Each structure stands twice: as C-alpha cells, then as structure tokens.
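What follows is chain A paired twice: with chain B in the first complex and chain C in the second.
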Partner chain A sequence: MAVGDTALQASDRDGRAPGPVQSQSPAGGSVALAGIGMRYGALRVLHPTDLSVRAGEFLTILGPSGSGKTTILKIVGGFVSPTEGRLLLDGQDISRMPVTQRPFNTVFQDYALFPHMTAEQNVGYGLMIRGRGRDEIKRRVAEVLSIVGLADRARSLPKNLSGGQKQRVALARAIICEPRVILLDEPLSALDAELRRQMQTFLKDLQRRIRTTFLFVTHDQEEAITMSDRVVVMNHGRIEQVGAPRELYYRPATEFVAGFFGDNNIIEGRAVAGGEVETPIGRLDLQGDLQPGQQVRLAIRPEHLLLGGGQSRQAAEMTFSAQVFDVDFVGALTHLRLRVGDGQTLKLKVPTPQLHDDIRPGCDVSVHWSRENMRALRPTS
Partner chain B sequence: MSPRERIVHALLGCLMAAAFAVLYAPIILVSVLAFFPALRGKVDWSNPSVEAFGKLAGNASILEALLNTLIVGLTTVAVSLALGTLLAYRTSRRNDWVSRLVEFVIFLPFLLPPIITGLSLLSSLQQAGIPRSLVTVVIGHVLFVLALVYRLLLNRLRSIGASIVDASHDLGASGWQTFRYVLAPSLSSALLTSGVLVFALSFDETLITVFLSGDDSTLPIRLWAMIRVGFSQDINALVMLVLAFSVVMTVAIAWLLQARRSRAAG
Partner chain C sequence: MTDDSLSIGISAPGRKPVFNGPALFWFVICALPVVAVCLPLGLFLATGFWHVDNGTMVPALSLDNYVNFFSNPTYVSVLLQTLTLAAEVAAGNMLIGFGIAYFIWRCPPVWHFPLLVLGTIPLLMSYIIKLYALRSILGNNGFLNQALVAVGLFDKASDLFLFNQTSILITMGIIYLPFSILPIYLTLERIPLSLLHASADLGGSAWQTFRHVTLPCSLPGTVVGGMFSLILALGDFVTPQMVGGVKGFTFGRLIWSQFGMAFDWPFGAAMATILLVLSIGVIVIAGAIIKRTEAI
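Let's look at the complex of A and B:
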C-alpha cells in the first residue's frame, strides 16, 4: 500500500501539466489489424478481425480467458505470427517485422524482470542493447525511475522488490525506449485490490503524460471501464463490441456485453408489427426495425428504472404498476426487486435518501423508464 | 526411554555399523594398503611408506593415462555443455515433435546398460570406418552424460520462464544478446553443476570406454589392465588417488546442488 502511495505522490510532486516527458519523444502510433486471424491446426483462437487503435489512446481489450485477447496482444507485439491478415502501424504494413524491430514495448503479466539485474539495469537494458552511451543510459534511467517513483530502489534486485514495485520497474523498462505503442498483458492481475486501484490511476495518469498509445489486456471489467478511452469486448475469438466505456455500459450491443458489465434486467419478448415487442409486462414500443415474429431480449440497467409514475408522461416513457417483493439496503443504494405483469421480475437500484419509508415488501408501486435506455440485444454468436 | 527401547536402538545401531563396515571397509582397506608394501601377497605392516605414490609418479604409462583422462573429461564437459544447452533451449522454446523426440531419445543412452551403448557404438564406428581413439571415447562419454546436462539445464530454463526471453527480444535484443545478457547469467550455476558432474562421470567411466578406446587408455582402463597382471602396491595407490578425487568431486557436487537449492528457496 505504502508502495502505491509513493508512486502517486511522486507523480503529483512533479506537478507537471500533462504532456510528453521529452519534447522530442514521438507521439503514440496508430495500429490497425486488417483481417488478422489465428488458427492452431483446426483450433480457431481468433477469427479474422479488423480493429484500429488510434494514436495516443488508451484502448483496453476485455474478455474472459480464451477469448483471444492475449492472442491479439502477442500478434501486435510480434511474439506470434498470425495465420492470416495484415498488421499496420501508421498505415505501414509491419506484418513481417520481427519482434526485435517493432517500436513497441510490452509489460508482461509476470513482469518478466531479469532476475540477476538490479532495477536500474533492468530499466536500462533496452538502451544498452541499442548501444547508447553510459552517461545517457544513466541519466535516462534515473529520469524514468523517478517518473515511476522508484528512484530510491534503483540498486535493488527484483527479488527484493514488492509486487507493486516490480510492476513499476517493468513499466519503466517499457517506456524508456519511447515506444510508439505500449502493450500491457494483464499487468495488474497479480496485485491486491487496493494496490490495483492505485496502479490503475497511476497508469492512466502516466498514459496522459507520455501520450503513448496503450493497448491494455484484461479480464476485469471494472479495470477496463475506469482506465480506458475505448474498450474492445471479446468472446470466443471474436469482437463483440467496441466503444467508450459509457457506451458499452449503457448501450450494450449483445447479450454477452450486457452480461459482462454489471447488472441488467433482461425482458424476453417477441416482435410484432410496428416496432413493438410483446412481453410478459405488456406491449413495449421500441420503434426499432425488428422483424415481426423475431425473438427479442430487451436489456435495461437497474439504475434506469425509476419509482413513481412518469412525471412528464411523454411518449418515450414506459410506466407500469408493480409490486415490491424485496427491499435490500446496501448503503448509499437500496436494491429493490419488483414483480411486474405476468411474472416478470425487475431489479432497481435507488439512492437510499430518495426512497420513501413506506416502501416495503408487498406494497404496490409504479415504475417507469425512458425508452432510450432500453436496448434490444443481438444474440451472441 | 524404556530399557526395551534402548536395546532395540542399540541393536539397530549395531546393524547399521555392520552394514557400513561391509560396504566401506574394502575401500578403506585399499586406501590403507597403499601405504604398506606387500611382498608375494603378504602385507608388511611394520613399514609404512609413501613409496608407492612415488613409483606411480614415475610410471610414464600411468601419467599418460591420467593425461588422457583429463583430456577426455574436459572435452566431454565442453561438448556436452554446448550440445546440452542447445537442445534444452530448443525444447524449452518450442513444444513440437522435434522437442518430443529429443526428450525421448536423449535418455536412452543413460538408461541402457553401458555395455550395450558401448557395443553398439563400437559396431557403428567400425561400419563407418572410424578408428578407435580418444575422439571416439569422447563421443561415447558425451552420449552417456548428455541426458544429465540436458535435464539440469532444461529444469533451469523452465524455472526461468519463457517470458524473460520474450522480454529481452521485446527490448530489441537479438538471440545471441539474449543468451549472453539474460540466459547465461541465469544458467551459470546450472552449467557449473553439470560441468562438475559430467567431469566426475567421465573420469570414472569404464564400460563404454573399454569398447571405444584404442591404444590410448584412460585411468580406469589402465587400472583394469594392471589388475589383470596382478595386484601390486601401485594399484592400491592409484585406487586411492582415484577414490580421493571422486570424493572431492562428490562433495563439490553436493555443495553446488545445496547452494542452488538454498538460493532457490531464498
């Protein structure tokens, strides 16, 4: 814990406005996957995929294990060759460029620090390989170590560093060569919850400061939401959805995405003519282009359901009467469960102060929501 | 402790002492005999001397055998370490049919009876028209010890993990630079241990050597030849020297392995 504190203080103390560490450092590169796919014999680990990573953005690839997210990272890093497709850096084809020449650096899941080298030797390794002078290496290593808040541990061996410190040595080692893109392979998964939160903030601040493109892989949806400019959700070797964290959270395109981020109310229904959906709670007008007869699953977030009749009574409002059957106080929020119509259960998350005292299990209420918060989900492939 | 337990303990102690005596007394006896002259099978206990060692030092054929042993041993160490490192690195980086074949085949000479290995090598060399010499002895020894070197290094490489090799490439280092700066320092203790182990094995190896050595004999072969002529004090002196050397090597190996373990634990 103390470890993370020093890191944050170190970056705060510098007090510099977000900007490049060095003016001559190249800005982040843009990477494009064009039909990149991966097969091991008959086993498909990555279906042909298009994805573009914008210059200077923090892009997170999120998915469960076996979803193909690490495969993408390894292909971009050059550790494995894709079985098909092309990889572009700023529009140039780098598919055939060997790992040693790609202007990318990786932070590995197990840190992969060289055990017999001190922190500063680890950090200076890339410059040493590039044949830079002793003085330059020394100056740059000191600079980068102070950025990650480890100036006082320069001469420690990895085995004498804590998990968070090793993590930051690995990060320093990756940024010192000023790569166009930094690849991070679940770098926070080995840290405890408190340290992980501190490192999330630290990584985000660092990325804003050095403006390098970050390609981050994780299976932790909270990590993805809090850190990223955009998130790519993957499942079974395919991209399910790409978008800003809010967009994925509130406008999930598929069942998988909806299920991956927090709670959702799912209402099953069948489309009828006129963009309406027949559901257990009645007909809902979605104004979408749905094929009549098609099975539809509708998703709405618990925090988008509001108690009481809709005030404005606009057409976009959907109002239903319901019965409370469970009230669960969890602090700032109270979770309610309502029964609506023909056996449909809806979950609500209501700020506790806004909840009337007379709402108890068994009482009748009305619930409403705005149509735009309701999504028809695409079935997961 | 009850009296009965005491008796049991005493009996067990005696049994163990007897076992040790039976196992190690001959070795000690031979070493002791090296210091006493023997005439027509009778040991003259009244007159200890180091004369036998002096005679040994003056015996050109023994010195030549010793030199051969050292040449074979050091060459075997160099060749088996180089080959073992290459094979272990290959297996640790890629798990394909080549690696699986290596895994399987490499242990055969170590597990087969040496007499079979020696015999089959001899007939193959003859078919190929290669005359027996120290070179063929080295080939036989390398074949015999390679599995050990390979296993020790592979274990080490696996404990290092593939990701530091990836990390080194990621930071721009070539294969050679990665070996030089990252792998070799991590492998050094494993290389040292294997080197000592290989040297000790090569030093003592007799059965395969019998088949493969031509006119140049190594120390164990020389000893073998001397025994056939008849026991003499020289033999005892030589046995004692070989024994002393083997003990030193054993202690060194035990110490190296111990140091590695405690380092790994720490």
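Let's look at the complex of A and C:
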C-alpha cells in the first residue's frame, strides 16, 4: 500500500483532508478511488491507488504514456473493471455500476463523434437516448452549442468540421446531460499549439461556469499546470505526487516530478549529521530529517537562484561564489550557466533588464538562494 | 552507371536512342484491357444488333432482338422472376451475412481471423463440388429431408427443396454468402471502438448502440455485400441448371440456351446486354446508397 500512502501524504501536505468532500454545488460530484488497481495477467498497469477527486475541482492526471493515467480514467468511466479496489461517488460505492448508468460523460481523445450524425444530432444523442421530447432536445442542443460557440455549425457532419470544432462538439455532447463528473482523455493532443492554448482557456472557463468536476488526463505538463486546481503526477502505474500546480512545480517530492516539470538544478550530495548535506558546492544546511550517510539529490529552480550577495544575511540564505561560463539571451529572460565549487553547474534565469552589462562569460559573481526553495528529492521507485 | 540510367529515354548525341522502358510499359498496361476487355465487350454489344439468317450471323444493325425480347411476355416474365430471385438471395445474404459478420466481430479479436477464414473457406472449393454437395443435401433422400422427418416436422420426405426456384434460392444463397460476409465484416471492423464507448457513455444500451451507431456505420458494407450477391445471382446459369430442374428456369439459363442450343448468338448477346445494363443499374443504385450513408 505504499502508493496509497503516497497519495494520502500528498493530500495531507496540501493542508486538506483526503476522502470525499461534501459538495457545495449540486453539479460537481466527488470521486474517490479506494485501493483501485489494474492487472492484465502478469502485467501491472496500475498499482493499488487511493485518490480523491473533490467536488467541482479541475483535477489533472499527468504522466508519460504507460503511466496508468488513462487506465484510471477508463476505470472511473466504467469502460474497464479494475482488478481490485472500490470506486466511490459522493461516498457511495459505484464499482459495480455499468457505464451506461454512471452520471459521468467522457470527451474522447479522437472525439468519437458519430460520423453519420450532424453536430446537433451528436450533441443531442444523450438526450435522445433518455427519451426526451423533440422540443426539449432541440432547445437544449441549441443552448449547449451556443455555449461552445458552434451554433452556426449545428447541421454540419463531423467530416466537415475542423479539429477544434469537433473538439467543441465532443465537449457539448459531454456536458448536455449535466454529468456529475466530466472525464477528458487527452482531448487537446490532436490540436495545434495556438488552438490548444485557446481550448485550455475555454475549458477552464467552461469548468468554472458549469461547476462540474473535471477529471482531465494529459501528458503535457504545461497543460496540467495552466488548467488544473490540482495535479496528480503518475509514473509506472503509481502516483508520484498530488498537489496544486505551484506546489508540484516548486516543491517536487520525487526525482521524477522534479524532472517532469521544466528545468531544475540537481545537486547530488550525501547527508551528514545535523541535517546537513555534503555537496560539490560545500555543506548545505537543509534542516531536514535525513539519515547520515544517505545519498541525496537536491533540486532548485533556475529562477530561484539570484545573482549578487544575499541582501539579508539570514541563516535561510545560501550564498556562493561562482564563475559565469555561458550567457544566453532569450528575450525577456537571460539564461546563465555558472560553475560553482567542485565542478557543479547551475542554471539561472534572470530577467534581462536586471542583468548588469558587465556580466559575461569568465567573470566572477556570487549567487544566493533561499533554503526554502531547495528540495531534497525522494528517489523514484 | 549513373550516367546511363539518367539518359534512358533521351537520345544522347552520337548514340542510338535508348530503349524507352516506361512508355512501352504504359502502352502494354493500357493496351491489355483494350484488347482483352473493351474489344470483346464492344463486339458482343454490336452482335446484339445483328441477326441470324440460315445459321449465319448477318452484321446488319437493327433493334429487332430488343423488340422481340420485350414484346414476348415469356421472356420478360423470366427476367422479372430472376430479378426477384436475385433480390431474395441478396436480401437473405445481407441478413445472414450481417449476422455472421457481426458474430465474428463481437468475438474476442484473436478469433476474428480464424472465424473469417472458416466463413469464407467455401470460396476455395470448386463450384461444381459445392453444387453437387448441396444437391445431395436438398434432394428427396437428402440430409435436409431426413432431418426434417426425424424431427417430426415433416411426415415424409418432400421434394420442396430440389428442382424448383426454392432450391435455386437456397443454393445461390449458400454459395454467395461469403461474398456478403466479407464486406460487412470489413465495415464493422472499421468502426472505432471509441464510438461504441461514446454511445454507452451517453447512456445507450446495447440495443440502442446497435440501432443508432453500429447499424448505420456498417450500412455501406452491408449494401456492397448485398450487391455482390445480387449481381452474381442475376447472371448465374450453372446453379439454376444444376439444381433448378424444369421449374427453375432463369434469365441466365435463357441466355445460355440462345448460345448453346438455339445458336442465335445475336439474340443471346442482346439479352446479355440487358443483363449488363441491369447489373450496372444495381451498382449505380448501391453506389448512391453508400454515398448517402457513408460519412467517414
């Protein structure tokens, strides 16, 4: 149950209790995975996992392919049955509830629009299945199509719609039945960069507007950071960390998470007595509960490194002298690479206007950072 | 070496023109169908406008053969009867073929190929062997009669199943079934699994998903499957000959009789032309239906 513990710890660190949370709004449902796991014969695709999705939140499951993220979505949607564990909706066990009865709707990766139906027929499918009257369907479809901005394409067949438009039809089809949870399986992966950014904003706004729980699966870390209330990072069928985007970005718990979100400076070291770590740049006082002798990898973001001596020489500040060996102007930011101590390279990102003109390769500088921005990473299992 | 290959097709100065490979290749490719298909077809279309005089064909163009055909109620009724028969074969094979193709498609994927081979293996057998096999099954002492008597449905062996239109219907249906199964299976196979998931996700029961998604999406292949059976049944003369007896007279046999017995080739050619036009008509109608339904 190591994975379950991870998830719980992550939730605790978040400052809120795990488990189903009572919904304030009637729209969004809370979903809890209790020890849910998946095995195909000898192949483990998902280790027993605990995870709670809060009512009305935008939760993203992030991970590389094969990490088990889509498996979780399929299990929640009811397309596959887990080998073990229970699935709860607002605290009630729905493990045995068939897919047709779950109050969830899915936006599929390939949109899965019915090719022989027009946009409005696709959107109205769920209501038609529920035997709603023609007038009601017509009214609701028009309403939802205008929410997604496609009122003028109502009578188009999917083959005559662009990728972004198909995406919106799929979204409209998923929200029209007012599901408690909307499941989105990498819905933006087929769109080009510009359209993808527009859809990210659109999805986020839509989610705020209809206040439904969104369970979003992606392998794109930027997408996860910009859209989500919380992100679950997965790797090899396990949860690595759960937390708000900022927390994952600035306080990664494991090497995998640190590596997944953009640039990080990694400093290898060995713990010595008194919570200090022996590294190539000298002894760092982390004040953590590390076992003496333990190998430690420390992570710090390039934007957390500051040039010049620490302004307030507090204990929390760490200051080192360094030598610049590369200056790379990329626009608003300038990327620097410094050599510190015994062969350690550190990357810095400095706002270009704050950079002195006399900083060029070969010159000596001092660099400092705040201890709280430095993280000791757990090795990835 | 590179120099040589570059100069192919270009007459280099001081050399004989190099053999022009691609042009000859395309000439053969185009000439072959002209000589082997278009020419005989044109000749046979033309023959339909000739007539026979004292056992020899006279190449004088007239519409007499067509006038004769359509003014003779016997001929026209044979044509209509055969059309009905072929349509019945097509309808039956669309239904049964869909059932079998659907069954194969719903089986676990590892079974698909073996089952499909099993369903189409009759195609590998000789036509004549299949006909004789069916004749012995359908005959008076055949397996079908014995089974029906044994079960108690029939008091005694019946001659309902051999040497009449019914026997032709059954036999052609069985022989042409693989031609219907294959295209239907192929369209079913092309339906993305996510469409079925989407239907279920939106609350659609198994029947609703079948009715609103599977069936419409597989309609193009089903129409093609029916069309194959229809066209094959329309022109077949061996099957009616073998299992039809005197009562099982069809248009194919009528055409054959003009060539093989009456030696009125121009009249036979005219009737074959009518059959050709009918077949093309079937293809055009089927194509129109497919165009309407196929949206992928």
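Everything below uses one rule, namely that the second predicted complex is superposed on the first by the 355 of 381 C-alpha atoms of A that agree within 3 Å, B and C clash if a C-alpha of one lies under 4 Å from a C-alpha of the other, contacts with A are read in each partner's own complex, and residues count from 1 in each chain.
By our rule, a residue touches a chain if its C-beta (ideal position, glycine included) is under 8 Å from a C-beta of that chain, and two chains touch if they have at least 3 such contacts.
For clarity, every value in this text was computed on a predicted model and none was experimentally measured.
S.K.: Identify whether chain B and chain C fit side by side or clash on chain A in the overlaid structures.
M.R.: Clash: chain B and chain C overlap once superposed on chain A.
S.K.: Have a look at where A:L305 lands relative to chain B and chain C in the superposition and call it first, second, both or neither.
M.R.: After superposing on A, A:L305 lies clear of both chain B and chain C.
S.K.: If we overlay the two complexes on their shared chain A, which of chain B and chain C does A:P158 touch? Say first, second, both or neither.
M.R.: It touches chain C, and chain B stays clear.
S.K.: Using the superposition on chain A described above, determine whether A:M318 touches chain B (first), chain C (second), both, or neither.
M.R.: neither
S.K.: When the two structures are overlaid on chain A, which partner does A:L290 contact: first (chain B), second (chain C), both, or neither?
M.R.: A:L290: touches no partner chain.
S.K.: With the two complexes superposed on chain A, say which partner A:T106 touches: chain B (first), chain C (second), both, or neither.
M.R.: In the superposition, A:T106 contacts both chain B and chain C.
S.K.: Report which listed segment of chain C has C-alpha atoms clashing with chain B; options: 1-9, 19-27, 37-45 or 127-135.
M.R.: Residues of chain C that run into chain B: 127-135.
S.K.: Output the chain A positions appearing in both contact lists, the one against chain B and the one against chain C.
M.R.: Overlap of chain B and chain C footprints on chain A: residues 77, 79, 99-101, 104-106, 108-110, 112-116, 125-126, 128-130, 173, 177.
S.K.: Mind pulling up the chain C residues that touch chain A in the complex?
M.R.: Checking each residue of chain C against chain A gives 192, 194-195, 197-205, 208, 212-213, 216-217, 293, 295-296.
S.K.: Which residues of chain B touch chain A in their complex?
M.R.: Touching chain A: residues 160-161, 163-164, 166-174, 177, 181-182, 185-186 of chain B.
S.K.: Could you pull out which chain A residues touch chain C in their complex?
M.R.: Touching chain C: residues 77, 79, 99-101, 104-106, 108-110, 112-116, 125-126, 128-130, 157-159, 173, 177 of chain A.
S.K.: Give every residue of chain A touching chain B within the complex, in rising order.
M.R.: Interface residues on chain A, with respect to chain B: 77, 79, 99-101, 104-106, 108-110, 112-116, 125-126, 128-130, 173, 177.
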